[in-house]
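I've put the structures underneath this note.
Each of the two complexes below includes chain A, the first together with chain B, the second together with chain C.
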Partner chain A sequence: MKPLYINGASCISPQPTFGTEFPFEIKEYHGSRLACVEPDYTPYIDPKLSRRMGRLLKYGTTAGLQALRDTGVQVPDAISTGTGFGLLDDSGKFLKNVIEAAEGVVSPTAFIQSTHNTVSSNIALAVGCHAHNNTFAHKGFSFESALTDAQMLATENESIRNILVGAYDEVTDYSCQIMQRLGLIKTSEESNLDLLKHASKGTIAGEGATFFVLSPDRGAKIYARYRGNKLLYKPASGAVLSSAIQGFLAGHGGGVSDVAVLSGLSGDQRRDTLLQEVNTGLFEGNTILGYKHLCGEYMTSTAFAMWLGAMILHSRVVPAAAVLSGTPSCPQHILICNSYKNDYALILLSVA
Partner chain B sequence: MQTLKGQIVEQLNLQHIKPEDIGDDQPLFIEGLGLDSIDALELIVLLQQKYGIKLANPSEGPTVFKTVRSIAEYITAHKAA
Partner chain C sequence: MKAPIYIAGIGIISAIGDDVAETLAHLTASESGVSGMEVLPSAYAGTLPVAEVKYSNAELAAISGLEPWQTRTAQLSMIAAREAKENSKIDFTKWRCGFISANTVGGMDRTEDFMKDFLADASSGDLHDVINHDSGDATEIVAEKLGCTDYITTISTACSSSANAMMYGARLIQNDMVDIIIAGGTDALSRFTLNGFKSLMILDEQPCQPFDENRRGLNLGEGAGYVVLVSRRVMDSEGIKPMALLSGYANANDAYHQTASSPEGNGNYAAMTGALQMAGLAPSDIDYINLHGTGTPNNDVSEGTAIKRVFGDTPPVMSSTKAYTGHTLGASAGIEAVISILALANGVVFPNLRHQTQMKELPFGPQTSLLEKPLQHVLSNSFGFGGNCSSVIFSKL
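After this line comes the complex of A and B, so read on.
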């Protein structure tokens, strides 16, 4: 399939990544939940409309519209997005209303917004895009599925030149409590910047919305080249994962020594085993970078990783806070190597 | 009517609008407050939840929801009934 240029990008995350220069100033949190740094929405969303929107709908729509503005594209040829839980807060509000009203008449707003594809639909309405509009909700493979969709569209249809691709998720009070009860999220108040320094049980919950304008054409401003992705469900061992990585890199004409690794370590010792094995085995000597201590763990965190990787390749600056091991030299290629439970994903980026 | 205005502001999440900013006879839809069809659904829910009144005939909507006064009159008429 065709590699695509990242001609526009926008990221709203728990870090000050929106409307700031890269590298951004690292924000430290103490606790188990990282919430997005929300921008002023008024330049993007009419206040008459935003009054009805939940938090994720506002920051997701804004991130998408800003990615288009960043590129100078007014209407994309397609929109493809990924989300793990969709608009979770509105889903919760709707269900709570149903219970409180004893399954009687309830407010329609939360219900209307509770579907997974609300953000991509809202962006389409805002810019008048009547083209392809897909939202993938495939747990840890959601964003990667949107990327594959975009790559297939660009490969199969010559008329498609600009594709808005993104991912969005949110963490709510209720979802955080449930994940803590299940032992997935830590209950301690330790710093997020220490998350990957020592292994323990649980991780920190995160959220964010990240969008890119991908194109087979070189734009006026190119951040990086998106080469492709590979998905692996439940690899049996580190050796199986290593072999898949080698095959993936060879398939793109590269080798292990060529890449810096943006590793999806979560700080949860029960989940990080295979990634640790790969980092200390296959990638011994490579620069290893981390990102989940910056954005938290969520199903579409690889969108944040792809934004971080693209910014590093574009600016030639590696933020010190992202370096886990190795020398922070500027790489030519970045391999995102993520896991979310049993979902393992590889994404390869190269300098433009 | 002041209570009803407060309920409308709360139900429709009319940020930056205070109940006292809404005139008794000010049109609520389009040229007035600029409400839309989803707001109309919210007002139907408000009538049912706060006053136990079910708008039986949807075609009455444009007349009933024209202004705060028309809503108040509809509530008064149907509560009494």
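After this line comes the complex of A and C, so read on.
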């Protein structure tokens, strides 16, 4: 399938990634939950509307609209997005209202907003986009499915030139409490910047909204080239993962030594086993970068990783805080190598 | 021209049957699945009719082979997707196989039990009830059981979800990423959706009357419907005779309102014309339209207006089968794909139950009695919240 140019990008995350110059100033947190640095929404959303909107709907819509503005595209030719949990806060809010009212009279606002496709359709509504509109909600494959959707569209239809692709998720009080009870996130007050320094139990919860304008055409400004992605469900061993990585890179005319690795290590030793194995085996000698200590762990964190990778390739600056091992020299290609439980994903980016 | 995609198998469970044979029997006998609420524990039992699968979770688990604590969404999905796989008679082990499912609520049926205890005390609530919450969970459980793990994903675009799952599956095959895809959707009834639609005041307190002048709203339903999509290569190599061709499809957006459809039905119009264009068909080639036809005042007038724009004043025979199955949300396009393929294969149009009065805005109405007629091309519509509109065309080979 056709590689696509990343002609526009926008990222709202727990780091100051929105409306700032790259490299951004690294923000340190203590505790197990990283929340988005929220921008002023008024340039993007009518305040009358935003008062009724949940947090994720606001930052998701804003990130999408900003990616379009960044490119100078008013109406994209398609919109495809991914979200792990959807609009979790509105879901929780509506459920609470229903339970507390004993199924009596409740306001529909939170219910309307709780639908997984609310962000992608709200962007369509905001810009008047009647084209293809999709939302994937599949754990660690959500964002990657949207990328493949975009790549197939560009291959299938000559008239599709600008595709808005993004992903978004949020942490809520409820989800944080539940993850803590499940032992998925740490209980210590350790700095997020130390998350990947030593493996222990649990990770830190994160969130964010990241959007790209992908196109088969070279835009006025190109951050990087998106080459393709590969999904692997439950690879049986590090050897299976290694061979899939080699096959994926070879399929794109490259080899292991060509790439810097942007690894989805989460700091949870129970979940990082296979990623660690390829980092120290297959990728021995490669530059290994990390990102989940910056944005936290969530189902669509690879969208943040793709933004970080594209910014590195574009600016030729590798933020020191992202380097886990190897020399921070500027790579020509970045391979994102992620896992979210059973879902393993590879995404390949190259300099424009 | 894109490579053709064939339907090699179908599977279904809903209020009108546990499988394809029971579903066909009830459709042919004009027997609706809408009735009083017996399984869902809700304050609206006795007042709001629903189209339930009349099995407890434990009974469903006995059929599906999953654990009783796993979500109802997964149980329903397993039963229908397994039937589709077996129905295809294909040896899946020889091919790259994927599972593309759709749903809107994920494991909400268990989460809402959990939340009752959790809201009272954050350290209580059975964690088993919440770990399967996200939409992708049911998909992975079923994909693994069916050996379809070469490509797995889940689509959640409200009521058009499973139409988009079928399209995505077809495109994965056309782009040579897989050989076989089981695609469709599943959704279980939950207090969450019941109260949500109640709060929007679009639920009918009586059995619904789609496309009727005096329609009052929709009845919620539950179930799952899947199709097995294969390439020509699989078909030839397996020596199978497929049931239908997936000849056209389109995904468009109304971009009008978060929950309401535009009066002109712009999204609906774009979806139908897009599907016709891909199939290389003229509107007059369509022999039957399986309507989205929810029974809400807004949907039916918007959809009817769009049909008038595409087909003129004398459109093909049409019916909504939601008077049988209720509105099964994320499963509806999968369920209606199976019903459309049954119509095509058996040369029969299932009636639009309980229709009495033609809508004043339209010069036509739906088919109200069983009609036997050879069908060549069937159009199935699915429109949802967020303006997500999708249409799919199935053709006889």
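In the analysis below, the second predicted complex is superposed on the first by the 352 of 352 C-alpha atoms of A that agree within 3 Å, B and C clash if a C-alpha of one lies under 4 Å from a C-alpha of the other, contacts with A are read in each partner's own complex, and residues count from 1 in each chain.
We take it that a residue touches a chain if its C-beta (ideal position, glycine included) is under 8 Å from a C-beta of that chain, and two chains touch if they have at least 3 such contacts.
If you're wondering where the values come from, they're calculated on a predicted model, not measured in any experiment.
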{"item": "Touching partner for A:A124 - first (chain B), second (chain C), both, neither", "value": "second"}
{"item": "First, second, both or neither for A:L95, with chain B first and chain C second", "value": "second"}
{"item": "First (chain B), second (chain C), both or neither touched by A:E156", "value": "second"}
{"item": "Broader residue contact with chain A after superposition on the shared chain, chain B or chain C", "value": "C"}
{"item": "Contacts of A:S107 with chain B and chain C, given as first, second, both or neither", "value": "both"}
{"item": "Which of chain B and chain C A:P47 touches, first, second, both or neither", "value": "first"}
{"item": "Touching partner for A:M1 - first (chain B), second (chain C), both, neither", "value": "second"}
{"item": "Set of chain A residues, in rising order, touched by both chain B and chain C", "value": "104-108, 112"}
{"item": "Of chain A, residues touching chain C in the complex", "value": "1, 79, 84-86, 91-92, 94-96, 98-100, 102-108, 111-118, 120-122, 124-125, 128-139, 141-142, 145, 148-149, 152, 155-156, 174, 177-178, 181-182, 231, 233-234, 299, 342"}
{"item": "Partner chain B, residues of chain A touching it in the complex", "value": "47-48, 51-52, 101, 104-109, 112"}
{"item": "Touching residues on chain C, where the partner in the complex is chain A", "value": "2, 42-44, 104, 106, 108, 111-112, 115-116, 118-119, 122-123, 127, 130-131, 133-137, 139-140, 143-144, 149, 151-158, 164, 168, 171-172, 174-175, 177, 191-192, 195-196, 199-200, 251-259, 266-267, 270, 384-388"}
{"item": "Chain B residues within the chain A interface of the complex", "value": "11-16, 34, 38, 41-42, 44-45, 48-49"}
